[in-house]
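Below: one structure in structure tokens.
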Amino acid sequence: MSLVERLVDELKPLGGKPAEFKRMISVTIDSEHIVEAVKNAKTAGFEMISDIFGIDYLNYPQHQGKRFSVAYNLYSISANERIFIRVNINEGEVLPTITHLWNGASFMEREVYDMFGIEFDGHPDLRKLITPEDLDGHPHRKDFPIGETPTLFNEGRFIDPAAFRSGLTGQDAGLSGHQGGMRKGYRTDANEEA
Amino acid sequence: MTVKKPSDFGAEVTAEQVMTQPGVTVTDMPSASEFETKLMRLNVGPQHPSTHGVLRVVVDLDGETVKRIVPQIGYLHTGFEKTMEHRTYQQGVTYSNRMDYLHGFGHDLAYVLSVEKLLDANVPVRAQQVRVILNELNRIASHLVFFGTGILDMGALTLFFYTMREREQILDLFEMVCGVRMNYGYFRVGGLSRDIPEGFTDAVRQFITGFPKMVDQYVGLFAKNDIFVNRTKGVGVLSRETALDYGLTGPSLRASGVGLDFRKAQPYSGYENYDFDVPTSDKGDVHARFMMRIEELAESLKIIEQALDALEPGPVKDPDRRISLPPRQELETSMEAVIFHFKLATEGFHPPRGEVYVPTESARGELGYYLVSDGGSMPYRVKVRVPSLINLQSLEPACIDGVFADMVANIASLDPVMGDVDK
Amino acid sequence: MYFHLLMMFLAAGTIGVLAIVVGGVLGPKKHSTVKLEAYESGNPVEGNARERFPIHFYLVAMLFIIFDIETAFFYPLAVKFRAAPVFLFTNAIIFVAILAVGYVYILKKGVLNWK
Amino acid sequence: MALQDLFEKDIQELENEGILFSSLEKLVAWGRSNSLWPATFGLACCAIEMMQSTNSRNDLARFGSEVFRASPRQSDVMIVAGRLSKKMAPVMRRVYDQMPDPKWVISMGACASSGGMFNNYAIVQNVDSVVPVDIFVPGCPPRPEALVYAVMQLQKKVRGEAFDQQGIELPMVEGWKA
């Protein structure tokens, strides 16, 4: 009965839905109980918070549920085990901060705020961490343009990177609308997660 | 009889108002300390010799003691994760080693391991051993830059030239293998791009035999120098609890008494069959952080030696055609090889949907690539757990109430690499 | 008799002045407002340099001047040491002893450690 | 070789007798070219190669760039080594402005010269749009020898011996006219 299983059972009453993919266990919790869940994990033996990061599922194929997901990557040094506690939220929802549990979480939460625009209320100093002050918008959102500038040649010729790459994968068509001809990139039929 | 302080008078207070309060003699005036002393805000900006790279630290100084320290980062933000979402998996290898440009092989290895876990690719033993050798050599080179610039910040210039001389030898070894001194594109998902040249193993052996004497030279140069000892012993102490509280990882955490090394805890790429021990010390000050890396050099040499002895000829690529390119001569003969080659070259492989994370130990701490794949040929989301960004936070507990000169020693001992921090 | 001394001062003076004047004359002068601003490692200037700073800096500066001049006095003594070694040596010892008293007082008061 | 020969003989005769004639401007430009002090503006991976170019094997000090001045006030060349992010661009422009004239810029590496492989929202695609660049050094990162070659090319440009693609001789840096 490893530490992770014990924690998963502990989190079940809080509405925790465990999932496993390639021996990595993640528990999805709704945002009301997230601080309680992380506190239980810390007392259960996960001494170290390794990372907090966000994922934007805007154009993830066949994605149901909310748009953003914030994952807490907790690691237990004594039991040498790792668990991901995840929260699914939508645009504009606010998550409670966990800087009172670990001071190390302040930069991590500020980075999620900077890159995704997800506020953490109760955070001592929530401001932009990495992107320049005059950059409005959150770069890691899927609807934020990558900002590619076409490569210019001297007789007015140019290569538009998106179109050039769309030949590879058939994703966005880019300026020239070239969809990559018959070699469109296909997506393997989605094998549903466990 | 309450004596009014200047701040009680409102904005425009004149000396007479304060001094000529009725019935108040000079002796019972509030003592000087009650007059609030303004802290001096100092900007140790992005272009500064002692911040390693473009780190900006805003420091509130009361005289020489640091009262408040706020690192401002982002001056080297390159948008790696956003850009890697628009590159195929194989192209991602060129991006990963430019994040922490001192330990490029560590990042390459972490990225490639994550993708291989996603694909369930089986990497041949020889490829794993070569990866371990190159990773450890790069760790030594990264520590050499750490010593060179760390001691340079404290004022000693000579060690910089000694450590760079050894680093040149290591870069020659890398140049022999992958043709480049830095930013190597040598690892591939599923193995290596080419096999190592024949002269490589005995060149590495020759380097290993000569290197311990050089380490004694470094130790002789700075470890016993009592200016260094006085400036670093007992300075910027991080106890075990504050280190864990601030998410410190890597040699700096091991200097605070927590023996966490992911090469030992969760071995990857064949680390489980080399025996090396993880040096720890419980003092947690700048001196201990420097000494951790000196002892780590010896451990890395041990690993390289064992990996070299265990090296035997064999394939260096995953035989599965859907992942690695078929060999050249096979293209002339078999049609499938041409189709596979065409598929891989234009589009790359399509890993199954899912999310994966493999923690590894880079020269600065825990490093891992969290890949989210949507079945397409490009990663949907790449999140790099970088050690330097989170180690930089423990600059605050280390520097508060310390002297300003110790802040420079603390920055040097935490060894942030700005490409790693700002990714 | 003091001719060579004069030549020495003259040479020193011209080298000093020359270094500044030639640099000023031969260098192109393109003044711009940003160039004349204070250098704050690349950031826009905040606050001004004339802020109040603790008195401790002043104390340390004074101590430095005192002990620096003390060593400066040893130069003439060392030059003429051959003339009367015993007398000059005792002279120097007394001089150092007097200043040592001040030094011990400073150490007792703990002026030098910053906390 | 009596003194008054200097006045009677013409220039060619004296020159092949070994007397060098030069204008003060050429002399100053020669002096300047042999002591180009770089300002440390190391940003990313190229900064490590810049450090390597000053170590004992490929020694940049042989070309007069011995010391890397920390403050721009005492430096002549700004070597932009690494990828310039959009947050760093105003800082770099300010540091460039605060360097005393005459000053030059070497844009080291593909990322500084053309944005390299980071064609995205965060990286300035060409440093020339921020500061006037004299020498572009290709490579990612360029080898230390490439940086030494770039400094030698810059010395030629400072001495006025440099030509651009069309073969027009580039003017020597202006002495004290401005």
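Should a chain be cited, it is by its letter among A, B, C and D, assigned in written order, with residues numbered from 1 in that chain.
One rule holds for everything that comes next: contacts are C-beta pairs under 8 Å (C-beta built on N, C-alpha and C of every residue); 3 or more make two chains touch, one makes a residue touch a chain.
Computed from a prediction, not measured in an experiment: that's the story for all the values here.
Judged by contacting C-beta pairs, the busier of the interfaces B-C and B-D is B-D.
Between subunit B and subunit C the centroid-to-centroid distance comes to 42 Å (mean Cα coordinates, whole Å). Mean C-alpha positions place subunit B and subunit D at a centre distance of 32 Å. The distance from the centre of subunit A to the centre of subunit B, with each centre set as the mean of the Cα atoms, comes to 23 Å. Note: centroid distance subunit C to subunit D, computed from Cα atoms, is 35 Å. In subunit B, the positions touching at least two other chains are 45-48, 74, 77, 79, 82-83, 422. In subunit D, the residues that reach two or more other chains under the touch definition are 72, 85, 87, 91-92, 95, 119-122. With touch defined as above, residues shared between interfaces to two or more other chains in subunit A number as follows: 131-132, 139, 144, 146. Viewed as a network of touching protein chains, the structure does not reduce to a path, ring, star or complete graph.
Every pair of chains meeting the contact definition is listed here: A-B, A-D, B-C, B-D, C-D.
Contact residues on subunit D toward subunit A in their complex (touch as defined above): 85-87, 115, 119-122, 125.
Residues 28, 71-73, 91-92, 94-95, 97-98, 100-102, 174-178 of subunit D are the ones touching subunit C in the complex. Within the complex, the subunit D residues that touch subunit B are 40-45, 47-49, 51-52, 55-57, 70, 72, 82-83, 85, 87-88, 91-92, 95, 117-123, 140-141, 143.
Across the complex, subunit A meets subunit D through its residues 131-133, 135, 139, 144-149, 151, 161.
On the side of subunit A, the complex with subunit B involves touching residues 21-22, 24, 26, 47-51, 53, 55-56, 60-61, 71, 73, 75, 77, 80, 82, 84, 102-108, 111, 128-132, 139-140, 144, 146, 165, 167-169, 171, 183, 185-188, 190-191, 193.
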